[in-house]
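There are two complexes below, and they share chain A, which is joined by chain B in the first and by chain C in the second.
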Partner chain A sequence: MKRYKIEEKVFNVLMKVATGIILLSLIWILATIVYKGLPYMSWDMVSRTPQGGFYMGKEGGVLNAIVGSLYLAGGSTILALFISLPVVLYLNVYRRKKSAFSTFIRSSLDILWGIPSIVYGAFGFTLMLLFGLKTSLLAGIITLTLLIIPIMIRAMDEVMLTIPKGLFEASYSLGATRFETATKVAIRKTLPGIVTAILISFGRAVGDAASVLFTAGFTDNIPTSLSQPAASLPLAIFFQLGTPVPEVQGRAYASALILTLLILAISLSSRYFTKRYLKNKI
Partner chain B sequence: MSSQGRILKDKIAHKVMLAFVWLTIILLLVIALGLFIKAWPLFKTVSISDLLFSTTWVPYEGKFGMLSFIISTFWVTGVATVIAVPLCLLCAIYLSEYANKKVIAWVSPLIDILAGIPSVIFGIWGVIVIVPFVRDILAPMFGVSSTGYSILAGGIVLSIMVFPIVIYVLLEVFKTVPEDLRNAALSLGANKWIMIRKVLLRKAGPGIISAIVLGFSRALGETLAVLMVVGNVVDLPSNPLEAGYPLPAMIANNYGELLSIPMYDSALMLCALVLFVIVVFFNIIARIILRRIEKKIS
Partner chain C sequence: MTAKLKMSQSDAACAEGSICINNLNVYYGDRHALKNININLPTRSITAIIGPSGCGKTTLLKCFNRLIDSVDDITVTGQVLVDGDDIFAPEAEVTDIRKRMGLLSQRPYPLPMSIYENVAFGPKLHGVKEKSKLNEIVEHYLKEASLWDEVKDRLNTPASRLSIGQQQRLCLARGLAVEPDIILGDEPTSALDPISSHHIEQKFLELKKEYTIVVVTHILRQARRIADYLIFMYMGEIVEHGPAKEILENPKEKRTQEYVKGIIS
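== the complex of A and B ==
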């Protein structure tokens, strides 16, 4: 008995240390990015595209990458929403009862969710060759859409599962069809949760690099049509860090800070919507 | 609107939704098929055993032995798993059994934030912090000289990236152990620690394994962060302080030359296919275990 008490004490300390290490690594990462990136932050960074000789240390900023990332993430999030919402509604309204088929759907989505983004990138590349597309905003958006569909569906599915059965029964007993129940009850009830799911997917799309590497390409200009290549923040960071010029590497840190702030903003607003959701949960 | 119209709308919506469902499910097969078709020309000229079990990677001569990439992938992922599993297990037990609500309210959002940080940010942090740490402190400790860009650096960065998913799954698994079982153990006079060791960990055993496998397969495919710190040297690594070249990093690094060397695109797509097969295999195992646990409970 005494042995266990000592053991418990030892492990209690170890557990706190482990939790501390995990949290500390997050703080360390954020602190490093802020510390390294802040000195190189300037208004030029976020308001100008790369000018001539930018990658040798001349003037300019990463506006091309910021706008490119927002285009890529925005486009893919909208496309993914159009595909995810019907799937989620099907799972939660039309097939509310657990069946072998619904388990199969969820399992397939789980597997899709686990596939690495580089594989999506390679697959997007084969699609591009098949349709004769060049690296472009459109190809990037399509690849990212495939990547975030499972993320979005899972996140929405989780909130929809919490809708009480009684709510559906009430809706049906008033004579509503399943489709009406889906649009007027299920979606409305989980709206903040759906917004959270959209934000999470958007965040993933902004931060992902491996899938757009093959498909969206990179450019110093802001794309004006879907068929032009588009830059993205993660790739801008990667390429700038790869140059031997310290000034440009510094800009990589600043770009990393911009990306981190963007992700934190998305993360915080999704937390806000989750809280709203929890508040009006029955 | 007439009720017939409404019912018709309902039925059409049903069909449309079902179509989208199938579209998503088929995606899995389409990805595998697409990669396979692109890799197919390679199978005609090079034998599969030469592709998978040879270390000679000379694209100009049409030699595409990817063994060193596969071994590197498992090295990096293995190092990450060894670091991440004990930390995550301890953290998850703490959060699920000991921590009070206040601590949880602080810790869980932070883990959420960690989960959302993009790969490239981990990479840049690895270059700034971990690579010099390996070069100046860890390597001299073992009496080896290293540039710091090594499997170990990749493993350390990766381990942090998989913390959130492993902790999430562990917490879910611990939740499935019935409260009654814990109380029964405690009422028999066990203290909390004995209960954790003899009841919680035993009951949650398969779930813990699936959490580890899920983290492991997440780590297998991580690209950019690893690419930035792992060194990218085509060679069979013999210890973690050497540079490695995992599959995802290799695919990402060579996309530029993709179309200039014959068969090169096929080889890279085959690499993606191999990665796909490995990851899907581990994912299926983990999910089967988790589904079984869920079933037992309901």
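== the complex of A and C ==
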């Protein structure tokens, strides 16, 4: 056999194996959650907060954590978007030229991306002490925002970098300012990528336990203001798995199933809406 | 005193819609990309800038609408007068300058929106709001770019679905819709098939009655077909310029002769 044919074969097998490993682990995780969690799924799980003795196997649900997680992840995603989008536009439209400054910003963000979330949790906690905040929804949202900003900016940045220079020049040559070019051309061109960046960030925020442990705390109630503590699904899973009661451990898997479905629903629906919005636009 | 005199002379020569360049020098970092360019471009005719690749044709063109601003590490000295205004003067409004020029680039870059929105983009930026007026503008300039009949039933489909030749004509319509005096073309047919190229060339010949057109091209035959006035550049300098016929048939400089004969390219 010729050398290039062997190469082709080897790489073909390698790619398939790699893809297979990814798919298999995903299916394995999902199967475990469904298999162990589904028997404990009930309407109570999603519609009630924990009642007395919930963690000992008595009645109740994790509505507190579902709502808490949505508040935390939703709030931090929106807040992060307001900070990330201007940074991304600054890097890509206003400061299109290569400079040491933008390289510095990008590498700083890459380092921030790699910092473990427990460090963000500790950092958030020191911020809380500084400003005299208690464990609260607000403190949780701020900490999560810090955690996901690097992810959101770099994910958006990568798609903006793919815009050809000629498109910017086309917009400028029509007399558009940089602001008009940013809002009317750059964002529009990269909208699907921006939505993906938002989703990745939301997924990270909704799934993170360590950064909200000290900052948002945990409670059996649904928070009614920003200054109250808020529960979250990852922590709910953690606490339930930590009990010796099999019933409660099963509910932990059911909570994981809820979390997975939540992310799936948000991801699918936002993709659907962007697609529909863009259908006749790009 | 002499400088002042020179200024007023060039001002007088710079009629509406014309481009006058005085002592223009451009450096990319240390590289001297354009060397002492001095030329007045004739109005309402097609000027073609020819020369081998890397000779500074596109750089010169990009000075006219200050797209050169966005290049890394650039230094520009000298004057470019458009309608008598120095566009590199500190008080010059870059968006106003660009509004006066339509640009056709090497490849068409349709904006990420519908065909209609592409043409309406410029007028909307510059304050046209009424729907009926916009409809008129869009129809008028699509006709002007001979694209109307092909797209009138699908104005709301994305511009990216058009063929590349149609996209280039859309870019022309889009550029004309901001009502410029000058049309700049940076090898505008290099990505197009022969029929689409022909379309664009014909369009230029029609448009030169109303617009000053400057085209960068590396196709000598194209220059021969459309240009009234020729500028031959080599290594960042203008070697020779004059009426197209003269340059093509009777080049004075040795380098021009060689280029026209195809010895250097």
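Convention: the second predicted complex is superposed on the first by the 240 of 282 C-alpha atoms of A that agree within 3 Å, B and C clash if a C-alpha of one lies under 4 Å from a C-alpha of the other, contacts with A are read in each partner's own complex, and residues count from 1 in each chain.
FYI, a residue touches a chain if its C-beta (ideal position, glycine included) is under 8 Å from a C-beta of that chain, and two chains touch if they have at least 3 such contacts.
Computed from a predicted structure; not experimentally measured.
Contacts of A:T177 after superposition on the shared chain: both chain B and chain C are touched. For chain A, the partner touching the most residues, choosing from chain B and chain C, is B. In the superposed model, A:Y4 makes contact with chain B only, not with chain C.
Of the two partner chains placed by the overlay, only chain C lies in contact with A:F168; chain B stays clear of it. In the superposed model, A:F239 lies in contact with neither chain B nor chain C. Legend: residue contacts after superposition of the two complexes on their common chain; A:Y272 is shown touching neither chain B nor chain C. Across the two superposed structures, the residue set of chain A contacted by chain B and also by chain C is 177, 180. Chain contact summary for the complex, chain B toward chain A: residues 6-7, 9-10, 13-14, 16-18, 20-21, 23-25, 27-28, 31, 34-35, 37-38, 86-91, 93-95, 98-99, 107, 109-114, 116-125, 127-129, 160, 163, 167, 191-194, 214, 217-218, 220-224, 228, 248, 251-252, 255, 258, 268-269, 272, 275-276, 279-280, 283-284, 287, 291.
Considering their complex, residues 65, 67, 70-73, 95-96, 98-99, 101-103, 105-107, 109, 111-114, 121-122, 125-126, 156-158, 160, 171, 174-175, 178, 184 of chain C touch chain A.
Interface residues of chain A, counted against chain C in their complex, comprise 96-98, 164-177, 180, 184-185, 188-189, 280-282.
Residues 4-5, 7-8, 11-12, 14-19, 21-23, 25-26, 28-29, 32-33, 36, 83, 86-87, 89-91, 94, 103-105, 107-112, 114-123, 125-127, 129-130, 146, 149-150, 153, 177-180, 182, 200, 203-204, 206-210, 213-214, 234, 237-238, 241, 252-253, 256, 259-260, 263-264, 266-267, 271 of chain A are the ones touching chain B in the complex.
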